[in-house]
């Protein structure tokens, strides 16, 4: 393999640049040429290829976002779009790909491989952490720390005013972000898609707390909780407890940005190197991940279809720690 | 004057603890006893007085929120409530007050002084900065830096995805927080209550930007802008530019919390000392503030009725810097 | 077991408070009384015991340092001292102990158990991460992120002035802190006790870099490196490369403090609960740790005598990533 | 004036990039071409000029360091060096200069103007704040906040271990950085070049503190204090108080880097615009600064020869607040 390309796709995540850097530098280290493709699959179709050298990734390890930019591509979802992408890759002599992204990215890469046979290795770049085949995804640790930092600030006000705060964090399908925010943020309740926390239980917990003269509460809500979004949940609780002084904060896009943490830089670097060395060793159609501190390659199909389960201890921890 | 009391009232602001600490320690330094009143005017009515010594404020200068807690008091708005508060102060031998808060706090303190004659000096503790009689209010610098830090993170995503972000910051009546967020955050547009930025102008700016191949935009919206809240404004713009990929973030209560910046700790310390020394020098019914680096005392009536104007240069700066 | 006690010993580490909190609340959750012992073994000898309830650990999870304070105790190293400590524990009816600290703490606890038979479980609280029996120690992730944040700032100056920076981080016996600082900080060279990096190799790397027109360098030095401290190393290199513009920064005690990261709060919480539940299940003379995401108990003797090895991949990663 | 150039010189400071950005964009706004000169006076001599457009400063406002790099120039100290610089400016058609730096930069610019008559306006970019003609210099607020953040972390350890910490901050000739670190960091003693704090007074303060059962102390030392550097001072105090458990931390270069605070971004932006508009209005040989919220121009000669005095209230504040 003489020339490979790297791109980012889907929602951006802190550490994507650290991963791009690791891909570029390990390719160079192994004597392989490396290109960056801008704007994900869209740029692949349109031929937005740029030659990368060691200095093109200097001073990027600490940066949030992605220097290669990211975009959604409807065209790549069609066979015609993928054909165009394939022709661009051939034209530029690209023999292998590293795709940094999440589930959707790997599904696209999987289909592309079936049709055109260009080896591709995925790097799990998403703040959501809901990817099978890796203990942590690139960006997750940073997102959790960003959210927790915000929750620490909110607690200042919650304590000062003796209020109930409903804080919505990211997580459409999982409580991966919500759970450490709840445990690390000293929250009394956590509401996540994986487990059902009925509104009545929230009301009970608040009322029991007041009886024990607890005066401020933080409730962490994953955006995909089955009871609704934080404003809806707060409204329902308020209806039952009119005297409650409740506030709602939706952390939103802030969670996607910022300089990656040490753990995310390490993870992104290891996986970036692992992706390149995997390609050179003939691996294809797999995602590189770290499980129990070891580099593993998981078939794209498994990362798309299998579900990583949140640690069941965590619900119990919230219960114990808010005693 | 042998015994004074200090309390916080209204919305909490970073630096309130630094101010309480300065009041407590300068009182002790001048040989005056000092009490803390918990939960603002409410606690005054209910008699929540605690004796403070030097160590009761140890290790608090860096903390957000208020260790004395804050609350709204409907009862203090009635003559009967104020009478009860007066009786509590007499019972505890309090001869002077330091009130840390904003406009509403000073209005209450002003009425209270008219009726009961207990000298009170105000300390401007609010993130909004919209108080006449001081260049900056305690908490403002921290709130702006917190908001700016969030905007830096959002820009990572805006750049990576080439999106338009509408970011709503605090400021019901003024653009004091919005303006440095816009200038310091490299925003293209700022929408504040003081000046009218019509939706059409926003649309024009975006379209002109795209023509110049600018691909990501940040628009800062003060919550009190006359065109509505950020989601409304984004929806209106979206209706005219369907191809725009817009996102909305409301920073919310995060802006109130956190460890105070150096400037807020300095300001809170200077004003806290100035409030106590003002009381000891016979001042009353005034707010202590810093104007052009000098300690000044401004009658409560002026702080309530006069308006501090935002620097008119700032609008021009946003225009120049987004060229 | 009806009453246990918790204490911190040795150097403080971020997350110790989160661990104290988890011990206190899980004891209460399981119906066990819990005391805090102030100032480690010293306080145990002197009888500094305080009854803890749920609210005594409210709002502490985010705080650096240790609310129970820590101290060295020469007296506990003598049989007489340990006898006094034992008598105090008996006097207060303490039937089990949770010791939060490092190697020295566990060695003391081990001896104490041999002599007096009071069950003790250790929690690994040290920024150094060099404890056998847990993947990570409480405080390590925070210390690394604090150091990395400082290195990011130093790189601003290194880049602007095209200088060589020698940055010394903590780690008397290991490169656990140095290694992620080097990889995550984009350093060109890392010098750690575990591997020998001769001065000549440093000089070569710098000179090769300049040939490739690289103009700024960061060299991370663990304080225990066999070539000496950062100032010594810088002086030796300077002697061979007089034209080099070198600067030295020793990060020092800053690395011990600060609000714990999400990972440290989670780890401290899990281990704190695990320590209490271990005691209740009859475990003794072991350290609770997390290995491959699972709670494990390791005999004190192993934690004291066995060595945890730094991942050998890491040296290679530094080499690849600075290509 | 049709073409100007901007450069940074001397030690780097956070906000220099925000100032470069403001110079570039306000020049473009006023229809003036603008070049960046890399590596200060050195690059001017060597002809390192680059054409700047609006996008060359995109996404730089939040970055520490200087994208134009900085360097010392011995050659510019000679008439021959300055003649070469002048020829380069003429060759590139540069009619005006904006010099971002400190005292030394302005002294060089002043001499250059006397000899060659090219109008130059200075922007005060230095973390030291010791420049006459502006209330604050660009980078000062960030440096103070960075130092304070480190001191907050150190206090965690000081409190936990009941130790005395001597923390050395930058300031060879002034206590501008030390003073807010002491007041905002809750330090007991501050030692700055402007006032003499004898070692005996330090010893007295510590011993009095212990008598009042105060157990931890922080002493802030400006690097230029006449009693020596922090390690020397600590050693002298230790000699008199052998039982003291003292630690020393030198914050060092960390203080120069990092993302600029809101205040520094505002200041840099205002001064950058003011420098360009000053040049266009015929000003020359002056520094643009902000005094009492107003833009003022001060002759270079005054900025070099006059001394800005630290607020005398501050010493008293330290005394009162550590009561």
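Think of it as A, B, C and D in the order they're written, each chain with its own count starting at 1.
Note that in this section contacts are C-beta pairs under 8 Å (C-beta built on N, C-alpha and C of every residue); 3 or more make two chains touch, one makes a residue touch a chain.
Please read all numbers here as calculations on a predicted model, not as lab measurements.
Identification of common neighbours of chain C and chain D yields an empty set. Chain centres computed from CA atoms place A at the largest separation from chain D.
Here the CA centre of chain A is 39 Å from the CA centre of chain D. Note on chain placement: the centre of chain A and the centre of chain C lie 28 Å apart, centres being C-alpha means. Measuring from the averaged C-alpha position of chain A to that of chain B gives a distance of 35 Å. Shown for chain A are the residues that touch two or more other chains, namely 152, 155, 159. Checking each pair of chains for touch leaves A-B, A-C, B-D, C-D. For chain B in complex with chain A, the touching residues are 8, 11-12, 14, 16, 63-66, 69-71, 146, 150, 152-157, 159-162, 165, 247-254, 256-258. Of all residues in chain B, only 18, 21-22, 25-26, 28-29, 54, 58-59, 61-62, 135, 141, 144-145, 148, 152, 155, 159, 180-181, 183-186, 259, 261-263, 265-266, 269-270, 273, 292-293, 311, 313, 317, 319-323 touch chain D in the complex they form.
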